[in-house]
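One structure follows; several queries about it will come next.
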Amino acid sequence: MTVTCKRIQISTNGQGDTINVTPDIAREVNNSGISNGSVTVFIPGSTAGITTIEFEPGLMIDMKDMWDRIIPSNIDYEHNKAWGDGNGHSHIRASLQGPSITIPFINKRLTLGTWQQIIIVDFDVRPRSREVILQIMGE
Amino acid sequence: MTVTCKRIQISTNGQGDTINVTPDIAREVNNSGISNGSVTVFIPGSTAGITTIEFEPGLMIDMKDMWDRIIPSNIDYEHNKAWGDGNGHSHIRASLQGPSITIPFINKRLTLGTWQQIIIVDFDVRPRSREVILQIMGE
Amino acid sequence: MTVTCKRIQISTNGQGDTINVTPDIAREVNNSGISNGSVTVFIPGSTAGITTIEFEPGLMIDMKDMWDRIIPSNIDYEHNKAWGDGNGHSHIRASLQGPSITIPFINKRLTLGTWQQIIIVDFDVRPRSREVILQIMGE
């Protein structure tokens, strides 16, 4: 059993922008020297989240519509009153979505479904540069 | 430290059907030869999710009601316009719920609460056969 | 590679009370003797969840407002009709939030963002004593 850590750099447009990090993760797993195990994908920061989805343009719009419906940007947030950065909704969305997922891999291949990609969702109100942490464990 | 991978086959009715996979996972952990560690439960595919809940009939209805309220099936989805398969809401629900959880176990016993079961939720609009991936790590 | 398990005891006020467990987790990781790996944080029970957030008072109010909006306490729940404990909404909130997250650490330091803390959210309708499980794996 070994463990190895990798970092991926991404740039986002914020405002719910989604980045497909599947190819990066698949490459790092393939190059890790570990055949069977799990990769934990973690996004540092309190205004971005991570999940899986079929990465096609229609669903990216549908996902933004969902967030606008359940955690709107145009209602009052106590966070905004105190900090004035206007991203109260970004924090609450990120917190509900969650910062980590763990994906098993077998013979160096992620066990994702055919139409399932790993995405970072940046909920912040401005473009951001972010680092994604990959912790690959196995043997 | 060792790692072992198991697969569970399930059949679902779709439409938010929930499958209690706790007995299968407890059995695989018990038979793994690993005493202390964690099991990652991962569902491949982009229209199903995984979580824990008290698995009793009332809450299964309450959970469906919640999904119908926050991510309704009967509104417009860009995904449906492009693909015509009518499961836009299934994708968005799965993405918000998430595809993985990780549960520690001690002396071969999952650290679940007494009233806490592990469920797969199939959000797709038709019955499906699915495979659940278990990655068991520890020593 | 080794694995070690720790437990943290917390007391909550219920009703969406949030407990910042970051200092406890950072201390246990630092004392574990493991330099690089991941910690899985798991909350047993079916009426509490775990996530990360910027732990400041405004956002704690905003998060409660979000839950009251999308999973209200004052609507009918089948769970309440059967069990009479009035915490149907607590179960559904916990299930949507999820019971586990996994956080990588490098050189004994969690890879959290500067403004990102790990919280337990207790959705139950009364004060509770709870145990949080930490599974620390690495080398």
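We just call them A, B and C in the order they show up, numbering each chain from 1.
Please note the rule applied: a residue touches a chain if its C-beta (ideal position, glycine included) is under 8 Å from a C-beta of that chain, and two chains touch if they have at least 3 such contacts.
Predicted model only: the values in this text are computed from it and were never measured.
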Interface composition of copies chain A and chain C: same or different, split at half: different
Rigid-body rotation angle, chain C and chain B, from Cα fit (steps of 5°): 120
Approximate Å spacing (C-alpha centroids) for the pair chain A, chain C: 19
Multi-chain contact residues (two or more partners), chain A: 1, 70, 96, 98, 102, 137
Chain B residues touching chain A - in the complex, by the definition given at the top: 1-3, 5, 40, 42, 44-46, 70-71, 77-83, 88, 91-92, 94-96, 98-100, 102, 133-135, 137
Chain B-facing residues of chain A, complex: 1, 36-38, 51-54, 56-59, 61-63, 66, 69-70, 96-98, 101-104, 106, 111-113, 115-116, 137-139
